[in-house]
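Note that the chains are named A, B, C and D in the order they appear, and that numbering of residues resets to 1 at the start of each chain.
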């Protein structure tokens, strides 16, 4: 059951000209949150902009005694709403609705977990990594970006004990090229007897490419899709993706309640807007 | 020629739950400003609310060397826009267009100046008082409000050397009753040979009452009217008041460019919305 | 003071005037965990055809100043699956269900009405003759006076359920459509549906919606919708359900004063799914402030005598 | 890169597509101190009748979400005083003047056109047949196809000045009105005028405007206006001047891509009287980014082929 919290901004840490990490006081949402779920944020008071914006729950925050106090959002400025969030100051208040959506299915050992993130697609993985590590699952993050300076927050994962594999398109850090380069190498190296689960979030073409790679290697792969969302609760049918049902028939499926996480084989990639 | 300044909020001093004094860095407007003129403020970025709001120029600000640096606005929270102004923090920026409108006609000695203010109608008088005092004109302020705690900023006037006469409806400070009570007493006491000019700003019924009193005593009286304004520049014809022309014929007259200051005898008071 | 928020749409009494707008509340069941459906005056479910429909490809919505465009294309599970899969839960949750129906022919509307009349737990049929997002049917009836009359009259013959045609605002004279619907036997009217509109991505020079055009809803349209309710109130006797941009208690009151008996809330429910509680609180506060014991007494009480004398002629 | 911002409305060439909208820029002279009028593509002056008019008593405007209502009631100094008192200064300032005219009968329109044809410094006549705020004339022509045709045809007979009928959006099928105007000899079209709308003070239960109803303008209406320009672009060959809520360079581009040759800016000019410079800068930046040397090439370039294949049928 989602709740709507009038959440105080605890802090807003600018990581670069367009990335920031926004910490929100919303314990009730943090308690209920599962990896891969999201919140709908009202980025300003008033009607400009009118609609809320969806954001993955990045981290769950705890106080010294370990009690959950809130959550963070990894925000990338791309338009009006994300610009307002980037500019938000501590003390401001934002309506925060959540947790919403279908979470990732976290695997247990001996299965291994490989998370593949492109850019701000890193956001859903901090919570997933925490959950996986807590279960003792060996967890790797393939983290790609255009340039080295666009790789943010990797330390969050390293601190958790996640094995991080970097790639940058300009070769500034880790493998040169798309994130699929080190991923394919790693898949080729990995014994088929090892049970692997792939989790992907990033730009649509990247997710599609990873889904193809995963299929080619016969690996199960979950993707977290980012559609424009009007309500986040199944009310408006704006957020549909074409996804196959049990019988393989494609249907417009609401990504806010039947997703945002989908098994990659369900998605009709050709139909996804880029 | 009005200018539009992207003005920084220097400070916002809350005087009570609904009054604040907002200082804005807008030297170009302060330099050109004449007593009784106003600015149009965009109270927020974005479209909520859409239109600017008119505010009298309260004080002109100077630095230590006496150079004009900006202006203040005496803001009373009555709706959405004035609430946003009340909440504005130092460092914020507001588009500020001005100076606008027809100013008061400041009299010179031996004429005396009587300013009559009701509530936030005090706003245009600080600049007027400064101008009058600089000319050596004997200046009195009749300042009325509902309760003593609603009388703000009187010290600004006392410091300038203005004689301040208070009245409150509950008798908490000065004369009990409307501002017309001490005004009528003073008028009755004042020799007809003394040249007097009355300047009025406040709620419409109060201005109307003062205009009647002034007319009964044969005193010239200028009123500063507050109509809803769309543009402040004569473009929209929203701000009209019914005012008599030279021949006595009433016309809908734009209060943003032909006012906000009108000779009280021109105004068809019966036609003014309360 | 005990306050009475109930309103009557002909034979149907609602506990309060707030109805979730069709297409903005899924089939109602999506919200059942978050909101107690029985606290709403009613729930208008997503527009249903006889058959299942996949609707338009995304993007299906785009935000605009104080509004949004949608071109969902009436995706839906069809009336049979609705009755089987959704209606029982709505019944259990004690929701007052308005079923919004859409057809491409009069026969389809008639067939839908017939099927729903036999189902248990349907409070009223909202006839969607105003969806701007589909080529066939719907709005082609809603933009023609005989079309409107004929659909309503045909459905009237096959059901005793209250029939509530939903009018489009995309017409010159909405009041004439209100009259046509009333003459044909409608029990109440819903208005307005969305305004046909579009938005363009100037960098790609392509429409922002796959469907090119879509329907404008939200606060932006409220002043036009209020005017239309006011016009229809003077044209017909049957109750009006007003909508278009309602976001605050004042907006509900505005529609009621203009002539609405009940209201629907669509877009604002996306922004705040718990809006119902806020609106109900606001209505109660207004009633207390104005010592109003029956909210229904507000309907159509606009005082339209000139606010002040015109002091000059010409 | 040298860029060409000029656009042609038939025989009339403007240095750029930006025109101040009628009723939103006084008689132009009010702005002459603040804005160099010759930098604008044109200035549409406040709607003029033959005689002086006092208009409606205030309040005349009320703000709404991302928009505003106005019911000015066409206050104005009449065509004779305009020619005597305002036109000379406009000429001196090298403004390209569109005179917006309004009558209660066809004869009045004809008379106005005749008078203006003899005046020096009038670039075009904008026929206001769409003002929602006056009972007589105006919109009664604009809401009837023969009415529209007859006014335009009658004015056509008496003037060689470009005639630009201004269409109302308060109709079912705006494209049919565009065709009627074109058939009757219009040189270009302006659209849209404001949407008939209202707002109510719920505490007093009175309309917020003295005139009860008013016209809705501003960003709120933009998506509807863009759709109407797009529809008319497909219906007629004559140039279209698009308007409704333009506030940013992207909005100008949106109207042009939808089919407008030029645009007018009304409400946004109230918010920012120096908007013209910002819009021109934005247009130049867009042209540079897209390596567009002639802005006029943008008109009607919407790529409305489906953005993506529909992967499923039904």
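The definition used in the following text is that contacts are C-beta pairs under 8 Å (C-beta built on N, C-alpha and C of every residue); 3 or more make two chains touch, one makes a residue touch a chain.
Model, not experiment: these values are computed from the prediction.
Chemist: Counting one step per pair of touching chains, how few steps separate subunit B from subunit C?
Modeler: Tracing touching chains, the least step count from subunit B to subunit C comes to 1.
Chemist: In terms of C-beta pairs in contact, which of A-D and A-C ranks higher?
Modeler: A-C
Chemist: Taking each chain's centre as its mean C-alpha position, how far apart are subunit C and subunit D in Å?
Modeler: Spacing between the chain centres: roughly 32 Å.
Chemist: Which integer distance in Å separates the CA centroid of subunit A from that of subunit D?
Modeler: 47
Chemist: Averaged over CA atoms, how far is the centre of subunit A from the centre of subunit C? Could you give it in whole Å?
Modeler: 36
Chemist: So how far apart, in whole Å, are subunit A and subunit B when each is placed at the average of its C-alpha atoms?
Modeler: 55
Chemist: Considering subunit A alone, which of its residues make contact with at least two other chains?
Modeler: Residue numbers touching two or more other chains: 47-48, 242, 251-252, 271, 273.
Chemist: What are the residues of subunit C that contact at least two other chains?
Modeler: 54, 57, 65-67, 218-219, 307-309, 311-312
Chemist: Taking chains as nodes and touches as edges, what kind of graph is this: line, ring, star, complete or other?
Modeler: Here the contact pattern is complete, since every chain touches every other one.
Chemist: Which residues, counting only subunit D, touch subunit B once they are in their complex?
Modeler: So the residues of subunit D in touch with subunit B come to 23-26, 30-31, 33-34, 46, 54-55, 57-63, 65-68, 70, 72, 75, 218-219, 247, 267, 269-274.
Chemist: Hey, which residues of subunit A end up touching subunit C in the complex?
Modeler: For subunit A paired with subunit C, touching residues are 1-2, 4, 42, 47-52, 95, 97, 227-228, 230-231, 233-242, 251-252, 257, 271, 273.
Chemist: What does subunit B use to touch subunit A in their complex?
Modeler: Its residues touching subunit A are 44, 46-48.
Chemist: Using the touch rule from the top, collect the residues of subunit D that touch subunit A in their complex.
Modeler: 65-66, 307-309, 311-312
Chemist: Sort out for me which residues of subunit D touch subunit C in the complex.
Modeler: Those residues of subunit D that touch subunit C are 51-54, 56-57, 64-67, 69, 143, 170-172, 195-200, 202-207, 210, 212-213, 216, 218-224, 226-227, 230, 245, 250, 253-254, 257-258, 286, 290, 301-304, 306-314.
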